[in-house]
Amino acid sequence: MPDTHGPHLIRGARPLGGDPVDILLADGRIAAIGTDPTAPEGAEVVDGTGLIALPGLVDLHTHLREPGREDAETVETGSRSAAMGGYTAVHAMANTDPVADTAGVVEQVWRLGREAGYCDVRPVGAVTVGLAGERLSEIGAMAKSAAAVRVFSDDGICVSDALLMRRALEYVKAFDGVVAQHAQEPRLTEGAQMNEGCVSDRLGLPGWPAVAEEAIIARDCLLAQHVGSRLHVCHVSTKGSVDIIRWAKARGCDVTAEVTPHHLLLTDELVENYDPIYKVNPPLRTAEDVQALREGLADGTIDVVATDHAPHPVEAKETEWSTAAMGMVGLETALAVVQRTMVDTGLLTWADVADRMSAAPARIGRVADHGRDLAVGEPANVVLYDPAAPYEADGAAMVTKSSNTPFRGMTLPGRVRATFLRGAPTVLAGEIK
Amino acid sequence: MRHLLSTGDLTRDEAVLILDTAAELAQVGDRSVKKLPTLRGRTVVNLFYEDSTRTRTSFEIAAKRLSADVVNFSAKGSSVSKGESLKDTALTLQAMGADGVVIRHSASGAAHRLANWVDGSVLNAGDGTHEHPTQALLDAYTVRARLGRLEGLRVAIVGDILHSRVARSNVLLLTTLGAHVTLVAPPTLLPVSVHTWPCEVSYDLDDVLPKSDVVMMLRVQAERMHASFFPSVREYSRGYGIDGARLARMPEDAIVMHPGPMVRGMEISAEVADSPRCTVVEQVANGVSLRMAVLYLLLGGS
Amino acid sequence: MPEGTRAVLDGSEIDRALTRIAHEVLERTKGGHGVTLLGIPSRGVPLAARLAERIERVENLAVPHGSLDITMYRDDLRTAPPRALGRTEIPAGGLDDRVVVLVDDVLFSGRTVRAALDALNDLGRPRAVQLAVLVDRGHRELPIRADYVGKNLPTSLRESVTVRLTETDGHDAVLLGPSRPSPATALNRRPAAEPPSRPKRTSGTSGTEGKDS
């Protein structure tokens, strides 16, 4: 747990990439913004020269693995990793063991997050009991629990039964909730190992066709509009999905969507050497898909960047491809990958990044006190990011308990220097507190 | 060559060297002493995760004819069946001093992964639905021995292309060696991106046969029928099986090949299987010489 | 001709040497009955064919001749990338109870002949094995000697001996020159000696030199 703290005066940082100013954090709030504000006695000065100040990031899609797979990650290690990546709130996915499908489990995860104190851990509740896709879990109990769950998802598994999906969409309306769908038509992806296309055909790996994602998204958009509910689409990975969501939004469907950093940068060509570090669900797609995802994020068709941080122990990846686990860690590299793929390419401004990685996810997840403007009186959830600190990504050097980063060996453009959660530094001088 | 993982890694010169070496080594099978001292003191491990007595025996005979010490490490009756990972098995073989590992595995890419973990040479003896390089090489060898050349020959590969490691290896190798390949199958049994492969595609066997010097029949598993790849064995056989009437429509010196084991009555009729124009038995015999050549070229030097 | 290289035998001298060897073979084998000539690839093979042709001319006796590749029996396989194989062609009737005369161009360390004796052992049981070479350049590393020698040529280890034959090189000559780097030697001897992608390596002692036997 981070130390108790006094006020912090950030000198010369650039809010949303704008002109340098001083930012005073005191009593958990942003106390002053300007040139040379009067700092109270004993305020710790943080040199913000050259750093971008953003509101603390909010992740809509994080696997913290606890309870059940504490060998891969715990709520504490995962939320430390989140802080290191500039996050002040994360949504912990429900596919734990036991599954987060009761008030008891979501409260346990929420409490573990509070005890760790590195970021606000918002549990996601399972849509169906045991993620089995057969009957609804006690969504109301989870919503009314101390964890105040608003996002419901069977992530990892698609709620493929159309009627069950309709009921879930309808039911969460009573709690202002949202169903986050893992869009994967199960029959079309039986045994699927990677994106279906030239590379899978050459490598002899069973394909995961784009249509299996797109068909479910199209169906769910129509369902959500029919019942007047909110739908969130997890980890959009194909050009066709972007087109369908753009179309659904145009016709008035209340749908939001996320894209992962890895789908913004990596393609299925990387599978060529069968290294399962590149195995993920949905799979890495083609360069054409990557381009469409970037454009969709830029024009607002895709609302947020979510990490789908999925830690796995070494032995789950050091194996033959078909038996390897799917997933990649991503919390600590997300902002740098977004800079490289979206900011350095001119597709997004830093203000847009604040929207896609903080404001929009907080809005979708109904996370109070996060994703707010950098303004006097707002909660002091702030991240300071150095966009000119290139480094070579290395899973072993990360704070997460696992090391399965697909960016291993790649040069990323920048690093988080400091993260403040309600004024308390969780990361300072690039080190976890 | 350090490993043989994919025929796509072979240059034309390398592929021809393998075939030429096999041609010289074929004599050894006819001698009274069917053994050469070349790999004396070298250890070859046959690491078979799938039952394949034919392929394993072929490699075993090949290695023994070159005087290598051969160890059969099969999934059954070893720690593999107790859940040891491929990596740990690899490190074990490494520690035991294996100079070459011949691996058959149900996972595509298993040979590639193994090559990361051992210092010795890795020989892919079939990985999932990816490749089976020595089968393609012995097929090419057999064609060359029968028809005298590969350059410019028209080869039809017929059957379950989608799930066939033999087809993948053959398309790459035959193309490298200058043959023209046509894949023939119902659309369900072809990969979606097959139009990007360096070959022709047809759904009509009768159209292709008269224009083919070689037809390679692939084994089709009847279970595919249950996954709706085709409606029935009978309909498949009518469309894509080879029988006497179809054989008669091929050029006079054209040959019929099959990697075995054949399913008579499914993709090939007994009449064709037993015809002198069917090379199945030669393919098996050539397999030993070809595998000797590959073992020599991978393990025989520095 | 490379600098510092000189011809020690020209075409007609090679011709005379082979004729003399043919006569000696007939004399030692009492008329050449039961003789089989086996050339060691690559240049031993045309030499064996020439000897067979001369014996036939002199004695009107058809002497079976063929080739014996020793690559797989070499003792230096592990010092170099794998070599392409030469041909082994054993004349019909086999080797059992024959007088086999091994034919090679140059006798040097004796290791090639050692390998050839091993190879013969796996092919049959000759009544006797003899050795004919066009040039004996000395520096033996094994207890082996030739039965028939075209020319004894004292050399230093720093020199190289090259035999050129019409069948393989367009003309007949034996050349003595400064030692060449080994990789070039290997390439000269066997154009397809190794897959093209392999890095060439230099090798060490006289025994591992590709050219001389």
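The letters A, B and C name the chains in turn, as written, and every chain counts its residues from 1.
Criterion: a residue touches a chain if its C-beta (ideal position, glycine included) is under 8 Å from a C-beta of that chain, and two chains touch if they have at least 3 such contacts.
Everything quoted here is computed from the prediction, not taken from an experiment.
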item: Geometric centre: closest chain by C-alpha means; value: B
item: Centroid comparison with subunit B (C-alpha atoms), farthest chain; value: A
item: Distance between chain centroids, defined by C-alpha means - subunit A, subunit C (Å); value: 74
item: Length of the line joining the C-alpha centres of subunit B and subunit C, rounded to whole Å; value: 39
item: Centre distance in Å when subunit A and subunit B are each reduced to the mean of their C-alpha atoms; value: 46
item: Of subunit B, residues touching subunit A in the complex; value: 85-87, 105-110, 112-113, 127-131, 165, 168, 191-194, 196-197
item: Complex contact set, residues of subunit B against subunit C; value: 1, 11, 13-14, 17, 20-21, 24-25, 27, 31-33, 35-38, 66, 296-298, 300-302
item: Residue ranges of subunit C in contact with subunit B within the complex; value: 69, 72-73, 77-88, 118, 121-124, 192, 195-198, 201
item: Partner subunit B, residues of subunit A touching it in the complex; value: 193, 196-198, 200-207, 209, 273-274, 315, 318-323
